[in-house]
Structures are given as structure tokens and as C-alpha cells.
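Just below is one structure, and these are the notes that go with it.
Chains here go by letter, A, B, C and D, matching the order in which they are written, and residues are numbered from 1 within each.
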Amino acid sequence: MAALVSQLDLRVRYSETDQMGTFYNARALEWFECGRTQWLRQAGLPYTDMERRGAFLPLVEARVYFQGRAQYDDELRVVASAGLCGKARLKFAIRISQAHSGAPVAGGYTVHAVTDVSGRPIRPPAWLTELMARHGREDMELEDGTG
Amino acid sequence: MAALVSQLDLRVRYSETDQMGTFYNARALEWFECGRTQWLRQAGLPYTDMERRGAFLPLVEARVYFQGRAQYDDELRVVASAGLCGKARLKFAIRISQAHSGAPVAGGYTVHAVTDVSGRPIRPPAWLTELMARHGREDMELEDGTG
Amino acid sequence: MAALVSQLDLRVRYSETDQMGTFYNARALEWFECGRTQWLRQAGLPYTDMERRGAFLPLVEARVYFQGRAQYDDELRVVASAGLCGKARLKFAIRISQAHSGAPVAGGYTVHAVTDVSGRPIRPPAWLTELMARHGREDMELEDGTG
Amino acid sequence: MAALVSQLDLRVRYSETDQMGTFYNARALEWFECGRTQWLRQAGLPYTDMERRGAFLPLVEARVYFQGRAQYDDELRVVASAGLCGKARLKFAIRISQAHSGAPVAGGYTVHAVTDVSGRPIRPPAWLTELMARHGREDMELEDGTG
């Protein structure tokens, strides 16, 4: 089965710009989160349900490449895929581009531990590994910077 | 005993600017929070301790007057005072100005309920009313927009 | 002609929550901005066009009432209306509620000056007063806290 | 001459927490910015001066390792160093730890282009390469993830 690739469009908020006239760099990580949320929802397991079942996904690593400018009110497309990474980590790969021109804006990935509510690592539950087997990519290497 | 007036200096972060070249408006409410934190610490009851004792202070109202621009790296002075407001509310009055010139940047107030961890209103505990009796202002009317 | 009432749905981002488990208070002002953006777009004059024509709308005042909790991934409805306020100010009134239950989350208003790019007040251009005459409310008093 | 290592202490704001009870991941990049600002100031060239001289430092890459939790009001120490990276890029390496215990919170680096105000890459001006020769590290490799 082909890996799930989710898609979400959003508009750059004024609050996300900075005095350089483009988006402030940390906003990319917030948009990465929007991409993860959308991927999990489309995979059938909204992240709220995950937390309700006792599995949290704190970040252990994030890498962002800044590839182009985006201004207030620009419509951006956030494309996400995901996969297990090693035995106990999840990795989300994200690409953000201008929705109309396709011009790249930012890309990268986040790596997540699986923990309980107190932040202690847990073995990924069966429902999570099954979800990733069904919808995840198999090429998520920990050190593959291109995601 | 004179009411406590706390003071805190902070610098405008690049992340707090927007493409208009001044601070983004919602940042004022984040700086108001810095002012409250400082006031409670100087009053001898850091807000972390309050939450540990089971009293939370969610906002029920905020009012902000935007009075001047502030740019990246400007040093701002956040001056705060507080008081009980009615029987069960706290009010913090804040003034933010340029630390060097004194030029006003923003002012206003926030009104807070006292709740338990689940957000349910509780009667302000004795240690809180005593703290406010010792350090608070007595002129905190709910409708006094000037704080 | 009836005043324009715009509507926009958005989901609460994880980045917008805080450790109290609801949205952080300043996020309300960011959502107010989303409401303004939507209103201006539906009125036929996206805010980007306004800035291109040389008219900026910095805030001079904001008032927010916090009415209910909203958690990560909740779908919120942002309803906005606008009007001239005095001779040279614009006022946006905003109501945010849970999209499904209709439960109120936050409401309030922002008051805006009309300025040039450097922040200097200008007389509202004819195209702006005409837009507000066509789509704006006529009851936007400066001191009407309920918006 | 030994490379400059700057240090800045800051407290976690409530606005920087999320419902997991630790800081929201993107805040790390905002604290990285605080570290860069401090380094440049201590090196004698505040970033505001750089922009006034026409040199901007937009990010081309960021990498963050999340190493430990940090809660509201925790005092954090942000330690930064910097160096030229290739011919036309700057790299800042950052370590964030708990100010009192020294426990690591986050680390990583950002890589910056040197551009004019419109975002076009420029050759690093002499005053910038001289500054980096005086205060920078010489081991800033582009692919050295450990910074």
C-alpha cells in the first residue's frame, strides 16, 4: 500500500511575519505541526486520540531548510509523510510550498519519541505500529536529512 | 502599606516584530504576562507556587492600549500593579514604556478569575487575599479602563 | 444594505495551547487578526491591497473577553463585522465560538488608526470610507465594549 | 584569540509552554535568536547595526535537538558561539540548559545567508568577515550537526 501523503493549505498570518517582511523562522516549525496534525487525521488517528490513549509524541529533533520567502496572506501548501524511524521513533517529513506557484518555502523533518504523559519513553503501542505499517513510509532513516 | 509596583526590563525579540516594523499587537499580552509574573514574584508568591497550591488565574478580560512603536532590540520597561477586583477577581494593571526615553508603548489591564486546575471558579484562598491585602491596590474597579 | 458579517473556521494549533490545557490568552488577538483578514477579503479589499495602496491599520486598542476554553484541534468559528468609529478609526468586532456546539470562546474588538507606512495617521482614503459605507456597521461606538 | 562564547539567561514564559507541560518546540528557535542577538552584541556589532549597514542574516537552515523539559518560570541559560561557514554563510551554535542544574534543554545550530534588504545574497562585507575573524570559531563546518 502506498504511503499516505497528506496535504493542508493555510494562509500566512500577519502574526507570523517579521520585520524582514517574510515569515519568522520559528513559524516553520508551527506549520510542520499543522502538517503532522493533518497526516494523523487522514491516517485515521487524530493526535488528540493518541494523547487520550496515553501516547505522546514530543520532538527529539527538528531540521528545517528555508528555501523561499512567504508573505502575509500567501497561501501555502503543507505536504507531509511519516514513518517509523528505528525501533521507537516516528519521523515526519514536511514540504511547504506556495500553493499557487509551487515555489518551495521550507522543508525538513521532525523526529519524535513516544512517551507517556509524564514524558517517559514507552514502547510504541501496537495500534501505532500498525498505523505506521499501513500508512507510513519505510525509508525514514534517522540521518537522512532530506526527509 | 504602599501597593507594590513591580518593574521588569526586557528586549523586543525579532520574533515579536511584524512586517509593519513594530511589535505585533498580541505580543503586548505576552509582555503583560511577564509583568504579572514579576509582580507575583516580588510579592513573594511566584505563580508556579500558586498553581502548586491549586489556584489558577485564567484571564476573563484583557484590555490593551497601543501607544507607541517598539522595534527589535528596544529595551522596554514593564511596570505592574495588582489588586482584588470585586469579591473573586484579580486585576493587574500594566504600563510598558521605552526603558531609556520613557516613551509609552502599551498599557492596559487583565482581569483574572481564580479557579482550580479544571478551570472551575473557586473562592480566593486566604493566603491569596492576604497577599493582596498586603501588596495590592485598593482602587481596582472592574470597569476602570485606565487600570 | 446589511452590514457584512464574515465567517472563518480554524483549528486550534498545539502551539496555541499552554500548560493550563486551553489556548494561551494572546492567541485570541491572533485569531482576531484572522477574522479581520477574512472580513476585508470578503468585503473585496484584501488587507495586502490596502497596504499596497499605502494605508496601514495599526491597532490603537484591543479588548478581549475570555468566555470559554478551547483545546488543541478544536474547530473554532471566527465571526467578524466592522465599521468606522469616529472620523478616522476603524473598529472590528469579533466573536469566536466552538464551531460545532456554538459555545462562546472569546469576543471583543480592536480599534485601528489609519496610517501611512511610517505609522503617521492619515485621513482615511475615499476608497476606504466607501468600502465601510457599503459593508460596515453604523453602530460602532468607540466606547461600546460589547462591540 | 579565543572564540567568543556569549551567555544569556532568560525565564520560560507561560506563553511558551504547551499542553504537554513543557515548552512548545518552536520556542527553541526563538531562544536561539536570543542567543544570536546576545553574541552579536557582545562581539560589538548589535544586529540592528548590521541591518542598518544593509546586511541581513536570514536563516537557510536550522537544526534543533530537544534534550530535556523546561517549565514555566524555569531559568534557562543560552550559550552561543558563531563562525563563518563556507565563503558566504554564518553559523551560530547554541546550547540551552537549565541555569541552576545545568541540565541540557535544547541545542543545535542555525545557518544564515548574508543578504541585502530584498533578500538577495551579497558577499559578506569586510566589517563582517573581520568581526568573525576576531570573535568567530574556525571549526564551523556546514554539515557538522553538533555545532
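Here is the rule we go by: a residue touches a chain if its C-beta (ideal position, glycine included) is under 8 Å from a C-beta of that chain, and two chains touch if they have at least 3 such contacts.
Because the structure is predicted, anything quoted here is derived from the model rather than measured.
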| item | value |
| --- | --- |
| Mutual neighbours - chains that touch chain A and chain D alike | B, C |
| Chain at maximum distance from chain B, centres defined as averaged CA atoms | A |
| Chain pair with the higher count of C-beta pairs in contact (B-C, B-D) | B-C |
| Mean-CA-position distance for chain D and chain C (Å) | 35 |
| Distance from chain D to chain B - Cα centre to Cα centre, in angstrom | 29 |
| Approximate Å spacing (C-alpha centroids) for the pair chain B, chain C | 23 |
| Shared interface positions of chain A, touching two or more other chains | 14-15, 26, 30, 33, 71-72 |
| Residue ranges of chain D touching chain A (in the complex, touch as defined) | 20, 22, 25-27, 29-30, 33, 56, 58-66, 69, 110, 119 |
| Touching residues (chain side chain A, partner chain B) in the complex | 14-15, 17-19, 21, 24, 26, 71-72 |
| Complex contact set, residues of chain D against chain B | 11, 13-15, 30, 33-34, 37, 46-48, 71-73 |
